[in-house]
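Next up, some structures in structure tokens.
Same chain, two partners: subunit A is paired with subunit B first, then with subunit C.
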Partner chain A sequence: MGLLRYTVRRLLQAIPVMIGIVTITFFLSNAVPGDPVDVMLGPSPAQRQEAAIRAKFGLDKPLWLRYINYLGDVSPIWLSTVDSFPYVAPEYGIDFGRSINYGTPVSRKIKERLPVTLLLMGSAFTFALVTAVPLGVISAHRRNQPTDHVSRIVALIGVSTPSFWIGLQLIIIFAFELSLLPSNSLVMPWNLPPPAAEAGLLSVEFWGIVAAHQVTVVKHLILPTITLGTLQMAAITRIERSAMLEQLSQEYVRLARAYGVSDSKILRKHAFRPAQLPVITIVGLNLTTAFGGAVLTETVFEINGMGRLILQGVLTIDYPLIMGTTVVFGVMFVIGVILTDISYAYIDPRVSYGDQEA
Partner chain B sequence: MSGETPPSTRDEPSEIDLTAERDESGVEEAEMEARVGLSYTLSQLRRDPTALAGLAIISVTTTVAIVATIDAWVLDYWFAQNFWYHPLRGPHAETRLPPYGVSNTFFDASQTTMAHPLGTDNRGRDVAVRLFYGTRIAITVGFLSTTIGMVGGTLTGAVAGYYGGWIDDVLMRTAEMLYAIPFLILVIVIVSVLDPQRQNALSVAMIGVGIASMPTFARLIRSRVFSVREEEYVEAAEAAGVKDRWIILRHVIPNSFAPVLVQATLQIGVAILIIAGLSFLGFGAQPPQPSWGQMLSKARGLMIPNPWFSIFPGICILLTVVGFNLLGDGLRDAADPRIQNK
Partner chain C sequence: MSTRETILEVENLKTKFFTEEGVVRAVDGVSFDVRQGEIVGLVGESGAGKSVAVQSIMRLVEEPGAVVGGEVRFKDRLLFGLEDETAGGEGAERRERDEMLTDEEMRQDIRGREIAIIFQDPMESLNPVYTVGSQIEEFIELNRDVTGEEAREIAIETLRDVGIPEVEARYDDYPNQFSGGMRQRVLIAMALACEPSLIIADEPTTALDVTVEAQILDLVDDLQDRYDTSFVWVTHDMGVVAEVCDRVNVMYLGEVVEQATANDLFHETKHPYTRSLLDSLPRPDRTVEELDPIEGVMPEAINPPSGCRFHTRCPEAREVCAAVEPDARQSADGADDHRVACFIDDAFDVGYEESLPIESETGGGFEASLTSGEGESR
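Up next is the complex of A and B:
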């Protein structure tokens, strides 16, 4: 039973969960009271215009038909009988419908916003892992010494602080008092300033512009990364510490010590790898808290990412937008958990790929 | 999704495995079993200074919350009127007065007064008084939402774990799907569905956070039920013809209670943080309710001229949540004799 088959099986298992997510999202957002068409047209719309707009967004159909249609639209592959009855016609591609508020397809909005949120979350988790793993290991190694106490206090404060408050304080200190870093929006690494297009690809100026642009990107990223990453950093530090402590109390470590293997070698060669399993679990499960954190971070720093998109959707009763963004968040979480499980199986050779269930 | 890896190799960090091999502390297995009960957990707690510190913080905040409630309901804002100004109706002082002893562009330190030790906000309301009443909101909301999640999740998890089969499948798959939608976004959508005018947004957010935290409790209790179900006394009760409902309520749940208590303590902290975040976004407490998150939301627009608006509510949230985390960690260590982190 190989890793590949395991991966395929996990992906297949994810399908009902995805359908469930779409179902929950669909009925939840359609339960939002208030009629988006009323919001759009004002108090006394012309009847024909109203009917036309309802037809345009598919709001003239009954709820169950809209649900079936929506399920078909968001599925990559779907055998449709609804529009082509009595024939069965295959449909390909993902379609989240058209945003009522923006008038553009939801998928275009998501394509625009998703990279921003992914950049933010990627950099936050990188920051969290790069700081938390060494901190946790050192903390376990120097147990009950000052280093350990400091790192535990940092982790405790990290899990107890509201992330948006950290963001506000960072803005006050670094943006306003010290004027060191920008406090709003993100810059995408590939959105080069216009002069870059004029300079040739091989010219020195071009690469100078690119380098300067990447510095701007990093400057914009620092504060939001710390804001979003602190909670994850603290959570990972705590897990890393207790996992390392557990490994260090195992018999094989005692045996290695008895053989005279040095402490640092035990940490690096033996205890480190098995201690990463709970850390991976926590990273996978914490993706949802990070999505929530992204909503807050994007609000504090006025970053136009997925989080603000979903907030705008809720505030303007934009069903397709709410559904589309929530489904994308759900799918990202499911993919994250599958990646977690796969890397779990990769690190731990004892994982039996769930054969006993099959 | 997340619960489907082989159970043999996955270790839930908060899970307590009764059947696992103990290390050689010279304690008999039977005595160990007896130790894991709730009373043992509480007796262990007394030896743990950090947990006691957490308990102290919780006691103080809870007392403040109770005093604020009594003051608002029974004494008709007697405290506020006699010590500081009324948070909503009292005589307005200067607006945006800095904390005592601090000067800024508009006021120098001599103009600040101990009547407003933490300054006043943009409407001349005393910041300290608002924080005082904010405690009531945070503590109430934290406890109530966790109770909802704990009761709902425990019952669901116990039923799923005890009966197994398709009931288990349906309940746990639903829980996983709820879990896959980000907590905060789920509650935002729930609030906008149930309360579009935001008249009772705080209560709805509280219930929403409770519902969204149910999967955590359900999974925790379910994994415990699997081990408890095999116990002899449960088999004996079944053999004696005791009703399922009664077995679940009388045996299964009480014997899984220690980890639930740990989780609930930590969850109160999480709930306070999330509701603060929701209030910050405008989906929780609404002005003029003096909630900490809502105060931060107002402070965001005024953080350049008046940074203290944003400092104090954050510190209040931080301290309260630290209290619950300290106690929760202490409870976890006390409930599981294998982990000796201290």
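Up next is the complex of A and C:
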């Protein structure tokens, strides 16, 4: 009944969920009004040309057949049941097909864009947690005192301000008015030109360039991080505060106080750990809102991540692209939920691993 | 027993809660003491102020409550005490006396180290996310000058003492893997392991079923002999009082109405409230129909009845009871240290004998007494 078995079971349970995601994504994106071929060819296409393109992308086949093919292509284990589309060239094992708009395999596009979004989301959630957790704890500790009021107001504003607006304000202030930080073109650390080979691995020069690269990346990240992270920060602050308040009135916290445990240790240990359960839940669930936020943030800051990719896909009715990106977001969300459950079981021994306990 | 030194002295303790509905006088002038090696009971119905009284002793009363008067002395130290009342009277803010312990001293020297507490609810009193062993260990390390290694040994030993089977195997279990009775034992072990001079047990067996309760009471008796610890035992159960207590304080609406040795209390009952409590005790030789519960409910402490606070429910109440408030006095014909706050006792000379019974009581009916109760409390 260990954590490992629990994890494996949760992963197995995720399989039907994934099939569901693929299925729903497939039919939903095909239900989107409009036709990618029309978009591609403009208002008056030649009959023959249209037919050729349909054939090329397999759009001439009936929906059910395309569904079965797709299911086969995206699954890493199954072999395709039906002969694959002509354009299929399995490149990464999981094949989302070829983007109608870009003409390149969707998987390649995703491989290129996903790290950008992961970096953005990672830094946004790090920012949110690093600020929100202490803020919530202090707020609860100094309940109904000025510090608490300030943090509550900040949280309230944060929850109710749309992120794209925050992004635009940040750009106006820090990029245009103050010229402190760049407002666009986030570069990934590994996409920067590597230091010249002759500047040996141990030279000051080499590390100077590496450090400069990191500074560039961080500078580019600051504004998008705040834009995407503010909502999360506000939500987590509120939850952290109320969870800590609840814990502070628990009998076992009163007991600790009665045995002479200091206030700060009560905050840091006795109340803090059990208070993190609702916080983890919120972080796990908020991954979805963060995906949505990523679309807006990437648009505002012209970051070529998953968010912009999915937007591009929708605008051009690029079925394979929409489906591919949606499935990847789905997978990330499922992973997020599983991680949430696992950390739950890690923090709270009362969460059983599903086996009957003695 | 009486020759032993007094370790805890509570003098005219007053604790109020400042709520939106008004000021609740939860503890209103309570005095009692505890001697070395003695188990002192604090008895009364729910809401009598027992728990608040013991929390006040340890200065653990939380907002919106506050200890507002009286004195608590433990050994030679002043746990609580205010400057003498100034001419400003009741409303004036009174300063804490200089020799009163600071919060920090209270935390480091008294809580856990000298006075430990056992809470009422074993299911809620252990932190669910830490192992049982680590929780005891933490308190031992904090309150005894031992290393972590020694603390662990003491914890295991004490857990064995309180009757936890296979202690080593269960040491790293979490509270949810323990039953209610076992958790209560853990809480008792926590208190004992810190080797305090005084343990306050706040209804420690109320949440347990009677067989477990009996085991725990035996255990406490046993351990008390061995460690010679003093106890303040808070309960509403007269049966428990009879079982464990040496001396008893009966509380009603924030006041101590009778104070006696357990033996005297049961055999020489002076106060009608105590008698009512005893009469409402289920006994094997009487059927449920013969049970004689106390009529009505305890009035609210926001606006307590005038005079004797029990007069609204007292079968012996006379008009004088509603007019004059009795203080606890040495009973005229009782044993030494049998104190009672009731005019029936000859220690009082307020004309109880001549006073007329309160009207409703002449009517005698249940309904009449209820309406009269309401009328009097206004």
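Everything that follows uses one rule, which is that the second predicted complex is superposed on the first by the 327 of 358 C-alpha atoms of A that agree within 3 Å, B and C clash if a C-alpha of one lies under 4 Å from a C-alpha of the other, contacts with A are read in each partner's own complex, and residues count from 1 in each chain.
Following the convention adopted for this analysis, a contact is a pair of C-beta atoms (placed from the backbone, for glycine too) under 8 Å apart; a residue touches a chain by one contact, two chains touch by 3 or more.
Given the structure is predicted, the values throughout are model-derived calculations rather than measurements.
Because the two structures share subunit A, they can be overlaid on it, and in that overlay subunit B and subunit C fit beside each other without clashing.
In the superposition on chain A, contact of A:Trp207 is made with neither subunit B nor subunit C. By the document's definition of touching, of the two partners only subunit B reaches A:Phe176; subunit C does not. More subunit A residues lie in contact with B than with the other chain of the pair subunit B and subunit C. Looking at the shared chain after the overlay, A:Ile347 reaches subunit C, while subunit B stays out of its contact range. Within the superposed three-chain model, A:Gly292 lies in touch with subunit B and out of touch with subunit C [touch as defined at top]. In the superposition on chain A, contact is made by A:Ser242 with subunit B only, not with subunit C.
In the superposed model, the angle subtended at the C-alpha centre of subunit A by the C-alpha centres of subunit B and subunit C comes to 70 degrees, rounded to the nearest 10. Shortest separation of subunit B and subunit C in the overlay equals 8 Å (C-alpha atoms, whole Å).
The intersection of subunit A residues touching subunit B with those touching subunit C, taken from the two complexes, comprises 348, 350. Those residues of subunit C that touch subunit A in the shared complex are 58, 60, 107-108, 110-113, 116-117, 119, 121, 124-130, 138-139, 142-143, 174, 176-177, 187, 190, 194. Taken in their complex, subunit A has these residues touching subunit C: 250-262, 270, 273-274, 347-350, 357. On the subunit B side of its complex with subunit A, the touching residues are 1-2, 4-6, 8-11, 13, 23, 173-174, 176-185, 188-190, 192-193, 196, 269, 273-274, 276-277, 280-281, 293, 296, 299-300, 303-304, 307, 310-311, 313-314, 317-318, 321-322, 325-326, 339, 341.
Subunit A meets subunit B in the complex at residues 10, 13-14, 16-17, 20-21, 24-25, 28-29, 31-34, 156-157, 159-165, 168-169, 171-172, 176, 239, 242, 245-246, 249, 277-278, 281-282, 284-285, 288-289, 291-293, 295-296, 299-300, 310-311, 314-315, 317, 322, 326, 329-330, 333-334, 337-338, 340-341, 344-345, 348, 350-354, 356.
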